[in-house]
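Pasting the structures here.
In the two complexes that follow, chain A is the common piece, with chain B as its partner first and chain C second.
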Partner chain A sequence: MTALGLLLDASVVLLLVALATRLLLTRHLFEAIVLFVSYGLTLSLAWVRLGAPNIALAEAALGAGVTGALFLNTYQRLAERIGDGAKSPLLEDDGSQDPPSWFKGLLGGGVILLGLGAGWALIGAGRRPAFLPHEIAARLPETGVQNPVTGVLLNFRGYDTLLEIAVLVAAMAGVWSLDRGSRRFGRARGEPDEDPVLHALTRFAVPVTVVTAVYLTWVGSTEPGGAFQAGSLLAGAGVLLTVAGILPPPTAASRPVRAMVAGGMAGFVLAGIAVLPLTGQFLHYPEGWAYPMILGIEALLTVSIAVVLVELFVDVPAVPEPDPALESIDPSGDPLGRALRGGEDS
Partner chain B sequence: MNPVDLYMLAGIAITLIALYAALTRAHLFWKVLAINLMGTGIFLILLAAPSRRTPEIADPLPQAMVLTGIVVAVAATALALGIALRVIARSDLPFLPDGDEDDPDSPGSTGEASR
Partner chain C sequence: MSLLLLGAALFLILNVGAGLLRVVRGPTPADRMVAAQLFGTSGVAILLLLAEASGEGSLRDVALIFALLAVVISVSFVKRGWIRAEGSSDGEADHAD
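And now, the complex of A and B:
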């Protein structure tokens, strides 16, 4: 490792810790969100330095991109409701609800002790030779792909990836049921966005993103890339299209959206079952069929992941409508909801 | 010190700073941010620790785990934000209500009286 490389590593590490500390301690929500996006991009640099380009791609698109967009969208909705210049604990936390300082002191001490213990344990331990990476490398030809990460994700640990898609579908169902499917996002029909910068950016960025995503899916079997990275990129393009008002917001209430999301999981499960008579094991691909099956599953997953992520962006971040069922129990509840309705009537 | 150790120590530091913030910030959005950052700290440890053991070969298993973790973290963050917004819609405040809504100063209350 060169001195220049060490300098870069040290800068990235210091920047990461400083950004994390600052964004967690600041009292302004907007500042925290901007720092969060910077943190995500710095973290993707760290993944590159750690020799994990597969993760760096996903981190830049998801950790910084989609999550940052989620927070920014939430912020924007709340700021619009509060009005210009008004102070609100929603966006500026004065810390008045925080626990007392004796609790913070005690917790701080405990956390420092925990850190010293973890550092001592992790630096001291872990010198045993590992056999698993060599085992994976030796048996990689059996997976039908040359990218070891794709081999692990879709062959050795196919179960994990299947269950991950199930988690995504569950999260989508959860978010949607919080909303009860009412429309939350997007411009009213017939109200095109006139922002020339946004439109120019969309026209330039979306085609490039889509081509890159298709390439990443295709190349994922040999080079860094695959369904997760491509799905994240496509989701970014979808968010851009939705924000620009070009694409109708893909809420989970619509059947095509549900079909596309369920399709990824259904295809994965069906592929797992289809190989049962041939190999006798769920998701155990028959010899010679691994590569086409993985490619097909990855293509389905790319679409599923992209649609779920855009749906999470569209259906979550807005102030939920007041719930008449809850309001009838407690008429004093939901002042924000009432204020919103008052604002729409006038 | 090996550069990989630096990333591992940063992972420990970030995880613990985020744990502290998640427990001391009452504001729900910072709790969501802190839990998300805790995850990234764990990811750093997960990836850096094995490459100390086998520096000559990148271990694809933790990479696959972290990749899965990032996607799940986004989904969990979206769900957490949605729940936080429900809380805001009910109380107009980004804080978890204390157990007893009639007496906000009683932290230990179980809130049985209010239902």
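And now, the complex of A and C:
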């Protein structure tokens, strides 16, 4: 039984090492993306075996699922720009721009030495008695939730989660600022719906996904789950709806979209300020109010995260046309646009 | 009983390892993508087996996420990643090149 468990763990570790090695060595971009998704799924299994289902959930949802879809999307953009069948080092590296092999050897050898050294230090350091789990378990009843991970993330270290959502909102603002108004996703206006399979699949998958997302937000207070996992599932439903052309792609111009993106962070900050007169501390929930406040914040966060992720997927900035105004202000400006336009010529 | 469950999970992991060969060899993007889907479905099965063996119910939630996001990945591949292999025709209209 334990021997079999060990064998299982060893297989997962071997698979991870094989995937990571190939992922780093391949010169083929699409293969790398597929390997990345596979690596995420396997890593999620590894977290399960380590007894960390919270992280397994996050890795499966964000690491493998959402990031994989974003990478696929980006690959397609690149392939379209470069053109059919054309060779490009962006899609398949021919090795012509590699550094000399002595340099690669030096770099590789150095990294391997560093890894071995870190491993040796970890083994040599011995085991420190873990005191935090006991502290958290002892004070968990004060957090209003029963899942220690949620307790830490939304109560003890609520500001950490607040800053995480701030990062997402900032990323969204960045993408919106690159947006030049061209949007090409889903069905164009007036184009007939000619994909019955996708339509049927969407009708089946979206309700299940939405219900699961609500469930994950809810269950986050007692079991593994929470806003980020639920938000990425909800984003998956949003991506399906947009790709199938049922939902128009959300845009920065739409007020509800902007409200939903800002809602999670705004709600979080307002909740933090609202408790100030009662407890005198930012985000220090008054007794008895912790559970409803955490659940409310989690629900707002779920929606915000979902909308941001759908936007990141759908709202791919168009390759900009040369902009004389921009060039006259800063001749070196718009390097991305120039690089992409240059890739076209070759 | 849990010997059988863990044994089956081990077998599935080995299967996934075999699928890795297809990811590496290709040759078309579709071959690679289907192999990744094998990772997903086998992952669901492994998680369900482990949930049963360890009695940890939350692993079934992880399996649920695997299954649901596999749909999103496949759809975004078919709609966004496959076009190049077939000859680009879809959605070129609004590029004023």
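Please note the rule applied: the second predicted complex is superposed on the first by the 297 of 346 C-alpha atoms of A that agree within 3 Å, B and C clash if a C-alpha of one lies under 4 Å from a C-alpha of the other, contacts with A are read in each partner's own complex, and residues count from 1 in each chain.
Throughout what follows, a residue touches a chain if its C-beta (ideal position, glycine included) is under 8 Å from a C-beta of that chain, and two chains touch if they have at least 3 such contacts.
Quick caveat: nothing in here was measured; it's all calculated off a predicted structure.
Following the overlay on chain A, a side-by-side fit with no clash is recorded for the pair chain B and chain C. Of the two partners chain B and chain C, more residues of chain A are touched by B. Look at A:G225: by the touch rule set out above, it reaches chain C but stays clear of chain B. Contacts of A:H134 after superposition: chain B is touched, whereas chain C is not reached. By the touch criterion defined above, A:R22 reaches chain C but does not reach chain B. In the superposition on chain A, A:P248 makes contact with neither chain B nor chain C.
Touch criterion met: A:S38 reaches chain C, while chain B stays clear of it.
By the touch criterion stated above, A:L72 is placed in contact with chain C alone, chain B being left untouched.
Of the two partner chains placed by the overlay, only chain B lies in contact with A:A52; chain C stays clear of it. Judged by the touch definition given at the top, the superposed model places A:G5 against both chain B and chain C. For the overlaid pair of complexes, the smallest distance between C-alpha atoms of chain B and those of chain C rounds to 12 Å. In the superposition on chain A, the residues of chain A touched by chain B in one structure and by chain C in the other are 1, 5, 49, 66, 232, 313, 318-319, 321. Within the complex formed with chain A, the residues of chain C that make contact are 2-3, 6-7, 9-10, 13-14, 16-17, 19-20, 23-24, 26, 29, 32-33, 35-36, 39-40, 43, 46-47, 50, 56-59, 61-62, 64-66, 68-73, 75-81, 83-84, 87-88, 91-97. Against chain B, the residues of chain A that register as touching in their complex are 1, 5-6, 9-10, 13, 16-17, 20-21, 23-25, 29, 32, 36, 39, 43, 46-47, 49-52, 54-55, 58-59, 62-63, 66-67, 70-71, 74, 78, 89-90, 93, 95, 97-99, 103-104, 107-108, 111-112, 114-115, 118-119, 122-123, 126-130, 132-134, 136-137, 148-149, 151-153, 157, 160-161, 164, 167-168, 171-172, 174-175, 178-179, 228, 232, 305, 308-309, 312-313, 315-323, 326, 333-337.
Against chain A, in their complex, chain B makes its touches with residues 2-10, 12-14, 16-21, 23-27, 29-30, 33-34, 36-37, 40-41, 43-45, 47-54, 57-61, 63-68, 70-79, 81-83, 85-86, 88-95. Chain A makes touch with chain C in their complex at residues 1, 4-5, 7-8, 11-12, 14-15, 18-19, 22, 26, 28, 30-31, 34-35, 37-38, 41-42, 44-45, 48-49, 53, 56-57, 60-61, 64-66, 68-69, 72-73, 75-76, 79-80, 83-84, 182, 184, 188, 198, 201, 205, 208-209, 212, 216, 219, 223-225, 229, 232-233, 236, 239-240, 243-244, 313, 318-319, 321, 344.
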